[in-house]
Amino acid sequence: MLVGLLLTGNFSFAQTAATLPLVSVQGNKFVTAGNKPIVFRGLDTSDPDKLQRDGHWNKEYFEAMKSWGANVVRFPVHPNAWRKQGEQNYIKLLDQGVQWATELGLYVIIDWHSIGNLRSELYQNPMYETTRKETLEFWRTIAKHYKGNTTVALFELFNEPTVMGGQAGTCTWPQWKEIMEELIVIIRANGSQAVPLVAGFNWAYDLTPVYQDPINAQGIAYVSHPYPMKREKPWEPQWALDWGNVAKKYPVILTEIGFCGPDDKGAHVPVISDESYGDAITKYADANGISYTVWVFDPQWAPMLFSDWKFTPTRQGRYFKAALQKYGKQ
Amino acid sequence: MLVGLLLTGNFSFAQTAATLPLVSVQGNKFVTAGNKPIVFRGLDTSDPDKLQRDGHWNKEYFEAMKSWGANVVRFPVHPNAWRKQGEQNYIKLLDQGVQWATELGLYVIIDWHSIGNLRSELYQNPMYETTRKETLEFWRTIAKHYKGNTTVALFELFNEPTVMGGQAGTCTWPQWKEIMEELIVIIRANGSQAVPLVAGFNWAYDLTPVYQDPINAQGIAYVSHPYPMKREKPWEPQWALDWGNVAKKYPVILTEIGFCGPDDKGAHVPVISDESYGDAITKYADANGISYTVWVFDPQWAPMLFSDWKFTPTRQGRYFKAALQKYGKQ
Amino acid sequence: MLVGLLLTGNFSFAQTAATLPLVSVQGNKFVTAGNKPIVFRGLDTSDPDKLQRDGHWNKEYFEAMKSWGANVVRFPVHPNAWRKQGEQNYIKLLDQGVQWATELGLYVIIDWHSIGNLRSELYQNPMYETTRKETLEFWRTIAKHYKGNTTVALFELFNEPTVMGGQAGTCTWPQWKEIMEELIVIIRANGSQAVPLVAGFNWAYDLTPVYQDPINAQGIAYVSHPYPMKREKPWEPQWALDWGNVAKKYPVILTEIGFCGPDDKGAHVPVISDESYGDAITKYADANGISYTVWVFDPQWAPMLFSDWKFTPTRQGRYFKAALQKYGKQ
């Protein structure tokens, strides 16, 4: 026993007067005050560290996202950027973004943006390198820091779980569940009311294990990233089985959707498609009360939503800007 | 296969002629030669690294502890101090302390002084950071080095296990047992006859799982740290259920007890109380053959036992100096 | 999702025109094209990093091994050498050796040369230090790099598993199996057709658990290191029970055998013996279709096969040079 006088990174977010209503889960819906349902439709930023280097981590960037019709924005925190900046500097970046989001009435998803097998600690490439310990510590830090902050409504625990067909080793669903459940315990014990978001394997595409063996925790939601090339057309019946029917019981949010044409800059598997994908995924999501955010509000990462810092929409940018703006006019 | 010519830190303790009788376990008692029971009553030093920096890691310090009536002293080795000094330098410090203790007839407890969840590797604050691997390696090193040294009678495997109500993740008792049992295998396979001391959760307070599911190893003892605020008065029936009845079957040692007044320097949860705590805990321990050491023989760490380097007793210092000296006069 | 433009060490081996026939497993035999059985008999190099420092990692060294009658050579990659050189430099060394081996028609075993408990991550001494993560990553890298290279026929997953009688903690056979099975998944998912070689405990001596609980993977082989002092004479009935009868069902390769006289340079437990060991082990191996490689083609590591860089055979060198050359004349 020793009186703890050390600073342990537990510096709190300085809250502003204006706050957004607290988000929680009721049945298969996200709700705010008075159990009012909310469907999230918004945009994925690129890494705040990348935007800072580009000189565009600023309120103008958030105003653009607001003007496109977003009601939520997702911050993908890459583990290598987190380590490079250090906890305190990176959190300052997040605090700035949360502040701008709050001022504009945008909810925030914080996403621990790794890809790979968190059990074996093998990842798709070095930018996604992390450890179980670092991941637990990240969420402990974030949970403590944003305790009581209602803008930061959703915590996406691990971006894209995948064993890469065995190239990244093995992980069973029960092993994955155990890691996710410990994260949820940590987040809540550290005082956070944010809704944990849990993804499945196959790069966050596959939620089929949830039907028989859901995460053992209340008040959470599930994630899928149904990029167009994950399945061949017709997509809808496959989406229903793969992840869509989970939305009958739990809230579901597609935290990455998006497409580009085969000759567009940055075209790569599994995102190559056309507007028919946009039509299908937004129609399917809307019909089932499923939330989504579009990847990615950046002119260099792919599939990009705009092509220059005047926010000139790309092909998918034109599609999703119109789609998002339409909800506001309904 | 390769002839191992590398030095692996396996330098041995240079033994002196005078040695203390070997301590072992018989039933629920610590015993020495001829199965003579011994009850340990003594003092917790602060970290030898801290005392060295203060210029007080010297024989005078040990003579003071002897004069206060201690028959055992406990060295809390903080993982961050162990890493800072490096294995070889830190072991030199320990060797000095063991030498002075031997000369004065004091037994030594070496305590790996971390606080937190060794399974998840989340800790209460940075000074307690360690890993399972480092913990296994620490005990392998200590077991090899003090092999055959009878002064170093007790190895406290991990100071205060706690999941911090989930803030440090999850750890079941079977998971904790498995880690402790592996440590005991390592210690004994490396030739040590020291008695392993095992603590329970809730910051080393709770031993209730031991009743149904004891550590699978012979010749060990259990630890509790029953600071006054862990329970409200009347303490005794709760102590009996929480850890005291374990002493009916196994040796128990309270390696941290202590108190200070609410306005004393360093007052903090869970140590605030008064002399009624001193009366209760010493009476309960003595009635049940339970050993104890008082935290902490230092003028800065709390609750402190003395207030200056003339070893002027504080309030709890006056209490426990008298209590310890009384055993010598019985 | 993000287009991966980072180089991840996935640079491929530049293949030459000449290649050796692909090795695979049929029943209890290694086979090449048309299911033609092959028994490997060859030599263990010292660490390529050590040979490079000595100025002898060159074609002359491989020509000497060829002239001694080897049809296979085994490269023991020590984890500390791997880290010291770095992945890219170390792979250049391996590529050179694989090139010389290919030119001379010698198959290659790559051996991750650690000794200890990969579960607890406690090792025999610092040169064997590694982690599970590093071991998985090593094999991912090697599998990708030598994909399609038929010279590199055999991957020895972990040189000598041992808990050192508890000094290195605990590891059950099911726990060991699980680690080996994940490695095999990784190797194959990354495109390698090399045959994984799996050893048992007791410094790669004991294969008795395989009878009841074999590794859950097809197309693999097992390893033993039956140095002379692992058992007392008569060796043969004990060898049969300890590892030899495994060869009735699976291919077995003794990737380390060898001896030296009690007064020879480098003599140490468990290698001290005489030519009667050479007679016994080669006769037993030959009678049971068991492959082997002799430790070690180096004038300083023990038991050494030659005494100077003219490749002058030592006592065991004379024995095994004659033994290997005899197969070529049959």
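Order of writing sets the chain letters: A, B and C. Residues in each chain are counted from 1.
Going forward, contacts are C-beta pairs under 8 Å (C-beta built on N, C-alpha and C of every residue); 3 or more make two chains touch, one makes a residue touch a chain.
Note that the coordinates shown come from a computational prediction; the quantities given were computed from them, not determined experimentally.
Q: Between copies chain A and chain B, what's the superposition rotation on C-alpha atoms, in steps of 5 degrees?
A: It works out to 120 degrees.
Q: Taking all residue numbers at the chain B/chain C interface, are over half used by both copies (same) or under half (different)?
A: Different residues, largely: of all residue numbers at this interface, under half are found in both copies.
Q: Return the distance between the CA-based centres of chain B and chain C, expressed in whole Å.
A: A distance of 46 Å separates the two centres.
Q: So the centre of each chain is just the mean of its C-alpha atoms; given that, what is the distance between chain A and chain B in Å?
A: Chain centroid spacing, chain A to chain B, equals 46 Å.
Q: Do you know which chain A residues sit against two or more other chains?
A: none
Q: Within the complex, which stretch of chain B touches chain A?
A: Touch list, chain B to chain A: 120-122, 124-127, 160, 164-170, 203, 225, 227, 256, 258, 266, 268, 270-271, 295, 301-302.
Q: Which residues of chain B touch chain C in the complex?
A: Chain B reaches chain C through residues 1-4, 6, 8, 133, 136-137, 140, 181-182, 185-186, 188-190.
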